[in-house]
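Before anything else, here is the set of structures, which you'll find just below.
Paired with chain B in one complex and with chain C in the other, chain A is shared by the two complexes that follow.
And then the complex of A and B:
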């Protein structure tokens, strides 16, 4: 098995005359935590968007998991391959409960189709039960199980970030991209989040790319 | 002093609006019309007075002291009513003396009579001033009563429980009466039973009576619940806990929908059938707009495709006669295919742009139907469509059509509900909330958009098919833009994304104009007014989905936060107040 989860070569993204991401090379090894540090406007989020398929890079190649070139893939296909992310400005599904948010994250790992849903086939019942159980486990893992039925928008700020991580974990990623996971947090929350990220890497064997404005 | 000036301001506003409605001819148009035995002009004057008093009282109380009190609000209401009445009296005396017909065509000699309710000039003017004051004060009192009642916790619960019980009782009796009457035509022995005075009283053979009795039952039950609360709070609270309000309400409406039409007669069954068709359309459009968040203004196109498919398959013009059960999937598939064909080019569009493209699509379909004369008969339409035959049973009368549509609408509602509570429904809602994030979470938005279009369109296809079978002849003019707008309006009025909401919206929007026959020519005015009022006082709809209500109220709260500076700005890290129920730390599963 290959030791490199992600290999980006010469990734470039221009918006008109503005070069937001200029020839970035990046190699992420399995089970490692890699940081991307730079000030506001450095292009960290743009680079994340290039990796996850929300933007199409103008130049360069991205090889995921040693096998899959990501060029031309849609975001949902990339997620299905095993890359997931959180957002710098928290973007939860605000009218849904915390649990439902995680359930949405499980979308690409579930199979219920139109007919299953209409006729409530056995597959529907089994899958719905299994996904709900798994979602609860994830909420417990990030430490917000008590908010399962709470509306996402009503969660405390730090817990919203945790929920975003749980939702990203629900897609069963191999590589997790965290866009400024500690932005706007107080020192205590920052410590807790750092601890959580470390656990993600050590317990779950995830590779993590995180961006931040500061060391720490 | 401040309360008086508030009353003056509100009164001037209402007086001016009243005069405006006179100038546009509203009063002349409804001079003869009556609603519940009272002439419409009197209704208008009284309602305006009450409303004026209500608003003035609210404003007056707010502009006065920090604590509200009865006195100032009553003064404001009375002054408001007086001012509005005085303004109207002045206006009436002016049009009685001078001839304004040159400038305002709606001011005719009869207008004075109408405005003074037949009392003539000097007496009528006194009536305006005195009546305005009295009615304004009553409006202010009503506002105060509302304030008082709101204070004891849970009064709404016991009132609701009482209302639900009364409604259930009425519906049960009405159903019994309808069943016995139907049975009596076959079994003579039941006739004396069906003639019982109580059962004759609730016999649902006239929708006006059904509506009146329903309102009376709900009102009386609610009042009884409120009285019980005042007399014995404990008992009222127990009642509120024990009565399953929602279940009774749903069951009552189901019974009404199933049994009452037996005795309603063909005219009202025709109306109910129209409502049913719009329920189906609304449920389909709800999938597209309410769940998936794709604003579709050309929805009528799929309705038309369903209708024309059935017409092609069952009209002597084409020499075909296809069984209903075969035509049904063909019509659904044709509409769903059209939905996908529309969906593909608009995949990348959002919001306003999507609305405009779909609007164009609807018009294109209508124009094609209108201009392909050889194929569709053009403006002459397709005539002599065969009514549907289900097994050996020919569906022909309005009652039979009603039951067919009831079954169809229930099935459509069932499918929609099932989809909503599945992985598919969650994907749609995620997509509506934030398309980019939905994609990043692994949802193939292309497929889900197309699926939403196809599902929504196929429901409209069924509705169109039944429409064609009922009308027996269809014309391109039946499928104008207005149908799309009506379908969208009923979703918004009912509550977007909510299945019972869609049904409530269809009943209100398609049933109300029939009940208010006297207002027929003002139907569109009513439409607009209803939409505006709804959006102002209940933006989430009559019966919103829980999710939608949350969203709307969040938005409102946010905009209020932006306007009113908070006493202490919450730091981003501080936990905002959560739901109303406090949660035990250890209660988590």
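And then the complex of A and C:
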């Protein structure tokens, strides 16, 4: 078993003449928390987008889990390999409930297909119950189980961030990318989030890459 | 100072365009109400029978419109494009149903296996339409996924014309008669009222309601439905959550086309015939229905379908004009809704589109 979850070599992304990400080398070890610090416009989010497949880097290679080169993979394929993320500006599915948001995250880990759903096979029922239970566990883990049936847009700001983390966890990632997880939070919420991120690493054994504008 | 002066002039000057529009709207409502009042008070031969007959007609037509409108709304909800070839997808399904019926008739199943015959006809129509929908998405729309929104729209109109003429070439221009199994021949007279309800009508109404309930459950409660709603709301985030967006789009087309196929077979039975251009008018009408209810909105499409069906059936009677004017009523409704409530009668529940 390899000790390195992500290895980026010389990742470069240009937008026309603007070099947003310039030859980034980054190695993330398993079960570690790595921070990406920089001011606005430093290219943190662009780098995240390169890693998750939203952008194709112009140069450089990214090796995930010691085996998988990410070049040319679509975002959903990268998620299936075990990388998941949250967003700097929250991007929940606002018309769905908190629970449904998490269930969407579990989409790529469940096996039932359309035919199972139409004919209500036993596999469908068993899996439906199992995924619901698992989704509730995740909401409990991040501490917002009481909002399970609330529409995501109506949650308090800090809890929307927690929900994003729960949804990211639902894809069963090995590496979690948190894009400015404490942006816009008050000191108390920041402390709570920091504590949650520690737990993710220690309890669940996740590797975490987080970006932030400040140390702390 | 300057901004406040500007604001005052903006407030004192009435918005002329809005005034004209509301004038037109108010005037047409007054005229319609006057006409209905006039018809109701002067024409005594308008008995409950005629109203009941038109009501039943409207419900049957409405069910078919609603089914087709759902296909428009599903695709719009997910791709923000209007699939103008949807009516032709339906027409292909109607032909498939026709050929199945003809084969089964020659085997004598119409009498010996009437229920199975009906099921097989519907199944053939739905599956063929489904395949048509998949091919259409693959060939005509997927290569244009990232093109400006106008491009797939024009392609859709092109695909519509192409399919009409391809069907004309392949199946010929003669009318083909949809044979009815005896099980859906005839009907019932409702008690004293004298309203005649055909068995075909009942079949159409019940089947369309069942399909709509099925679709609603599928979208609201299954994993596929959640993935579809996620893709409709935000494709990028959906992809990052591990959803294969292209797959969900194909499945959405499949779903809409299956409903269109069922509606096509229903129309075949209803009109007792099929031809290559039969998809055009119902397609446009169903599009109208989808807009009436609020395009992108699933309950809206169902509501809009029935609303339009009823307006078409009851409208000419209520206004005392020949029923050939029903298309005029339908499209006038479309214009009025687009002017006064562009988001549709049930409003828009779409999330704002992200880049």
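What we mean here is this: the second predicted complex is superposed on the first by the 216 of 216 C-alpha atoms of A that agree within 3 Å, B and C clash if a C-alpha of one lies under 4 Å from a C-alpha of the other, contacts with A are read in each partner's own complex, and residues count from 1 in each chain.
As a convention for this text, a residue touches a chain if its C-beta (ideal position, glycine included) is under 8 Å from a C-beta of that chain, and two chains touch if they have at least 3 such contacts.
None of these values were measured; they are calculated from a predicted model.
After the match on chain A, would you call chain B and chain C a fit or a clash?
clash
On the superposed three-chain arrangement, identify whether chain B or chain C touches more chain A residues.
B
Have a look at where A:68 lands relative to chain B and chain C in the superposition and call it first, second, both or neither.
neither
One more residue to check, A:118. First (chain B), second (chain C), both or neither?
both
Once chain A of both complexes is superposed, is A:136 in touch with chain B (first), chain C (second), both, or neither?
In the superposition, A:136 contacts chain B only.
Check whether A:156 is in contact with chain B, with chain C, with both or with neither, and answer first, second, both or neither.
First partner only, chain B.
Considering only the contact definition stated at the top, list the common interface residues of chain A for chain B and chain C.
Dual-contact residues (chain A): 52-54, 74-76, 79-80, 84-85, 87, 91, 93-96, 100, 103-105, 107-110, 112-114, 117-118, 128, 131, 167-168, 171.
For the complex, give me every residue of chain B touching chain A.
415, 418-419, 422-427, 429-430, 433-434, 436-446, 451, 455, 547-548, 550-551, 554, 572-576, 578-579, 583, 585, 587-589
Which residues of chain C touch chain A in their complex?
That would be residues 214, 218, 222-224, 226-227, 229-230, 233-234, 236-245, 251, 349, 351, 354 of chain C.
Which residues of chain A touch chain C in the complex?
52-54, 74-76, 79-80, 84-85, 87, 91, 93-96, 100, 103-105, 107-110, 112-114, 117-118, 128, 131, 167-168, 170-171
Could you list, by residue number, the parts of chain A that touch chain B in their complex?
Result: residues 52-54, 74-76, 79-80, 84-85, 87, 91, 93-96, 100, 103-105, 107-110, 112-114, 116-118, 120, 124, 127-128, 131, 136, 145-146, 148, 150-151, 153-159, 167-168, 171, 184-186, 189 of chain A touch chain B.
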